[in-house]
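Going in written order, the chains are labelled A, B, C and D, and every chain counts its residues from 1.
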Amino acid sequence: MQIAIVGLGRMGSNMTRRLLGAGHACVVHDLHAEAMQALSAAGARGAASLAELAAALEPPRTVWLMLPAAVVDATLQALLPHLGRGDTVIDGGNSHYRDDLRRAALLAPQGLHYVDVGTSGGVWGLAEGYCLMVGGEPDAVERLTPIFTALAPGAAAAPPTPGRDVRAGAERGWLHCGPSGAGHFVKMVHNGIEYGLMAAYAEGFDILRQAGIGAHPRAADAETAPLAHPEAYRYDFDLAEIAELWRRGSVVRSWLLDLTAHALLQDPTLQALQGRVADSGEGRWTLEAAIDTGTPAPVLATALFARFASRGGSDFANRVLAAMRREFGGHEERRT
Amino acid sequence: MQIAIVGLGRMGSNMTRRLLGAGHACVVHDLHAEAMQALSAAGARGAASLAELAAALEPPRTVWLMLPAAVVDATLQALLPHLGRGDTVIDGGNSHYRDDLRRAALLAPQGLHYVDVGTSGGVWGLAEGYCLMVGGEPDAVERLTPIFTALAPGAAAAPPTPGRDVRAGAERGWLHCGPSGAGHFVKMVHNGIEYGLMAAYAEGFDILRQAGIGAHPRAADAETAPLAHPEAYRYDFDLAEIAELWRRGSVVRSWLLDLTAHALLQDPTLQALQGRVADSGEGRWTLEAAIDTGTPAPVLATALFARFASRGGSDFANRVLAAMRREFGGHEERRT
Amino acid sequence: MQIAIVGLGRMGSNMTRRLLGAGHACVVHDLHAEAMQALSAAGARGAASLAELAAALEPPRTVWLMLPAAVVDATLQALLPHLGRGDTVIDGGNSHYRDDLRRAALLAPQGLHYVDVGTSGGVWGLAEGYCLMVGGEPDAVERLTPIFTALAPGAAAAPPTPGRDVRAGAERGWLHCGPSGAGHFVKMVHNGIEYGLMAAYAEGFDILRQAGIGAHPRAADAETAPLAHPEAYRYDFDLAEIAELWRRGSVVRSWLLDLTAHALLQDPTLQALQGRVADSGEGRWTLEAAIDTGTPAPVLATALFARFASRGGSDFANRVLAAMRREFGGHEERRT
Amino acid sequence: MQIAIVGLGRMGSNMTRRLLGAGHACVVHDLHAEAMQALSAAGARGAASLAELAAALEPPRTVWLMLPAAVVDATLQALLPHLGRGDTVIDGGNSHYRDDLRRAALLAPQGLHYVDVGTSGGVWGLAEGYCLMVGGEPDAVERLTPIFTALAPGAAAAPPTPGRDVRAGAERGWLHCGPSGAGHFVKMVHNGIEYGLMAAYAEGFDILRQAGIGAHPRAADAETAPLAHPEAYRYDFDLAEIAELWRRGSVVRSWLLDLTAHALLQDPTLQALQGRVADSGEGRWTLEAAIDTGTPAPVLATALFARFASRGGSDFANRVLAAMRREFGGHEERRT
């Protein structure tokens, strides 16, 4: 079917290519001409403006926004005058689900449909398909089935769950999760979980990496607890090999572990990285939902806060601790 | 090759079957006659005692202990008189790696080899293979290659890591991780990570489950914070479908998620369970290693403590909190 | 000076008594007649309605609202028609500071002043004074100095901080923290800290209480890690004595410890309590502020989530964990 | 009474002075001559060797070791030949309580008494007294009552706990907590709590410090979540004033807060500190006790791990996270 894609960043471009590959007719728009040219070369039709984009679509139109969350509202406002009753706008980016609630309520009186889609898969989605978490009215979602089918990985991407009847459900790799906002809510929690999973692996590999500290003498230091049993910490583990090992047959095998194995293979010490870890919002919103609903989420919270700390967020708190120690014990800080 | 297996519980029995299936000659021993009979029927040779077991093996002997950690030492003591120079004892259970260090030092003067193997895979290992983390002297480990090859999943169990040369390494599904204790050390951290991963999923699904609380009126209660935006929590998510969805194309796909999808499919509310979550030691030891080495592991710690709390471990601490609140604010506890 | 107090719950009543004791003229209103009668007997003037209350005050009026956060807005709306230019409304309850921002903006065009006051001290405030965290315009706050002085503990309540000049500042026990919302913001973080402090004590006393588990045999249990060194856990600590001990000379001495010592003295096992610990909002909002500002607050988060869990909030997450264990290991849950 | 003190560091010297001030006869020994000379000038008798020290004491002797944990055993071995039946050795330093169990068992057959004393109070103890947590046999402890009385703050150091009868108990500021190791066990948990309390304050003050970030424009950054409500974060709090404020009447008042108020008064930004926070062992051992006994201690664990992280302990884990993000999303790290 015909669809417009607005926003041709890494995600938008790759999704367009996957749609083109599945035979869909794509009209594309982006502020960067090169992005549009690249997609045009791949078979998409470029539109120099939102007006031109809307004019290029047969009603009822389908416009997929693949934009940074911060510019969705402005783009939507610019797009609305060019849309008509029965058209559908999809937000496939990383919007907060509460923005979906607001936007759907804004568009409904004009007879416009709003569908929110949480999209997971990263740079691998082009080849492997995107996991799509969809929210919106059933009819509007239903009409988009060919699009979701083209983008999603499809049932063959994983072995069937034993005991599960084949049905037109989640095993396709996309799911209508509920009314407006449901798609981004599920994606939000997905990312919250992602932070927790990543932190669990990172902590574990860090412990493995430290397993040799008993082999190296440490300066005596009254301020730091000595290692009670140095003889028990004399291992020199090959982290890349261990990551690879766990990919087969272990309880902790996962796609994130596959990626970790690759990263450690390329650079076992990861020295090329600084370890300042960004967070893009969903982890924060997941915690807010946990707080609102009274649901304990200490692991997800701890994982998020570790990211804040990786960027220096704890520096003042640490100085407060050092100040207290100096006050009560006369402990002078050990300087680097 | 010929190998003896001592301990025919769920793990020991299945591993024996997998070894038999690969053409190895297995001598087995267990205190429960039925377990031995079942394996005998499958082609193993039963030995009524450790003496008989040792006599049935051609030197150099290979004896794999698959026992609860608590009885390994006693069994080893009973076995030693029947072994001779050049024989190898394998501990494939969940021993603490420091016990490996001790045991290897005990056996070495007698010319006996000690190999520790962390084994992951659970009930699925029989069909899919076991992930084996091996510690010990290189020669002793090398000699056991046919055994490890038979038990491990093999390279085909996962797609190759891009950029990785095929070599006789971790992609076989087993790895010589280092000297004595290395296998159980790596397995220990594996389980520590496992606890963290599990907790991340559990917290996330719990948040999804609570996403509908705004649809149900709550009793006004001065002691509990009201829900500021009930209209934002009116979803009724199908957790089994969402777990299934994430199995394809999402960043959080994993084997643990596969299992979760199956469990939620069978019983979406999991009401048949009480949620008293056991821990079998490795998570605790992982934390001790983190503490010893000064490695932050807040996510793994939080996950472990959540298990303690699931079994009532926080009950007194909670009463202390309630007592403090009563003291300073006259807050009477709200009784169930 | 003359002041009206609306809301005669535990906090409002006690504050009125403290104001009366300092010689201020108090007009009071509450929906419960008994509360008003009790204060009238103590010297306050009761007002049957907000209109009557406003009429009883000389302009410029001062009205202190001491109400549950949920009813402040409605009361304010009912009160506004009876107020005039130059009057001041104080919210001394537990409002979210963002509500202060909204309300101050609402009142300003009418020439009304809005002052937010975070109030700490609980049932002890009547005798010891209330710690007051104040937000609002400097003039409006300045005018209320006699009220704050009467309510606050005063400088004598604690020894002077060495090196601190005596000045009209925080040592009075009340502080103008900043513009609108500043008072409740500081109170919010105060309570966030409070949760963390309480949890630290609760966890510590729980560990002390468990220090004797090595003296009691435990059922062997393959699902639970055995105690490696039972001989190291044979203490039978008197928690009430230890709490009392730490009150003098220790680093952890505090008012919360004073209260804990009292509670443990009355009931060393706290068996009369259930340990379902409420949270009244500020801890949640503190975390939201931490998340918004990218400030790591893992201790405060963990403390809040422990309260959620104390009320059963983790039950489903725990069942998810138990379900995963059953799936991968065939581990049957140990039932109570 | 007569007592010897071995180890004249900050703690040992101050405790000797306090004992001298109370009229006790002190024999002192230290490897540093200046430390001995200073105490001699204050009225102590210096002993150039352990032999001389023992010879200077009337049997039954009392020797208080105030040494780094790492040298206690060696000093004890050197001291033993000079002691005789009925003598008492006190370890007042920061030993692990399990070392007490071992040492008491070592000394008992020789008729020597071993008493372990956890000592809290830091540099303030000289003036205010030390909180003493004592373990050992009742007779040996009883005999030391005059010493403990001189060192402890005494009942007047805090107001009486309501409802508590005056008795020869914890209100003296020292307590016989139980058999060998009990003193250091209680001190260990004391310090574990201390870490948690400190972290709660540090996190809270950090949030207050960040409360103005909405007033300063931030560079747009696709990798970092934008601040949704900058207008709600425009406060410029005076942390020193707030710390001072909370000292009177608030729920969070404590000695650690007193110290924090002093530190922030001297240097509101604490820029002179680096915030590399040491830990001296007890926090680690507290967690090990929590793990051994199955007691949830997530707040204490999180506080300890924050200290590890303050010293760079998370650097590799953070790089693992950054590597994963690059792998799945092509997210390039934002460099400083």
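Criterion: a contact is a pair of C-beta atoms (placed from the backbone, for glycine too) under 8 Å apart; a residue touches a chain by one contact, two chains touch by 3 or more.
What you are looking at is a predicted structure, and each value in this text was computed from that prediction instead of being measured.
Asker: Would you mind naming the chains that touch chain A and likewise touch chain B?
Answerer: In this structure, the chains that contact chain B and also chain A are C, D.
Asker: Quick check: more C-beta contact pairs at B-C or at B-D?
Answerer: More contacting C-beta pairs are found at B-C.
Asker: Could you label the chain C-chain D interface same or different, taking same to mean over half of its residue numbers are used by both chains?
Answerer: Answer same: the two copies use largely identical residue numbers here.
Asker: Can you work out the whole-Å distance between the CA centroids of chain B and chain D?
Answerer: Distance between chain centres: 37 Å.
Asker: Would you mind pulling out the distance in Å between where the CA atoms of chain C average out and where those of chain D do?
Answerer: Each chain reduced to its C-alpha mean, chain C and chain D end up 29 Å apart.
Asker: Taking each chain's centre as its mean C-alpha position, how far apart are chain B and chain C in Å?
Answerer: Chain B and chain C have C-alpha centres separated by 43 Å.
Asker: Scan chain B for residues touching two or more other chains and write them down.
Answerer: 122, 199, 201, 203, 206, 224, 251, 255-256, 262, 284, 290, 292, 294-298, 302, 306, 309, 313-314, 317, 328
Asker: In their complex, what parts of chain C are in touch with chain A?
Answerer: 251, 284, 287-288, 290-292, 294-298, 301-302, 304-306, 308-309, 311, 313-314, 317, 328
Asker: Can you list the chain C residues touching chain D in their complex?
Answerer: The contact residues of chain C facing chain D are 97-98, 101, 120-122, 125, 128-133, 152-155, 157-159, 161-164, 169-171, 173-175, 177-179, 181-182, 185-186, 189-197, 199-201, 203-204, 206-208, 210-211, 213, 224, 227-229, 231-238, 241-258, 261-262, 265-266, 286, 289-290, 292-300, 302-303, 306.
Asker: Where on chain A does chain D make contact in their complex?
Answerer: Interface residues on the chain A side: 10, 68, 70, 122-124, 198-199, 201-203, 205-206, 209, 220-226, 255-256, 259-260, 262-264, 267, 270-271, 273-281, 284, 298, 302, 306-307, 309-310, 313-331, 333-336.
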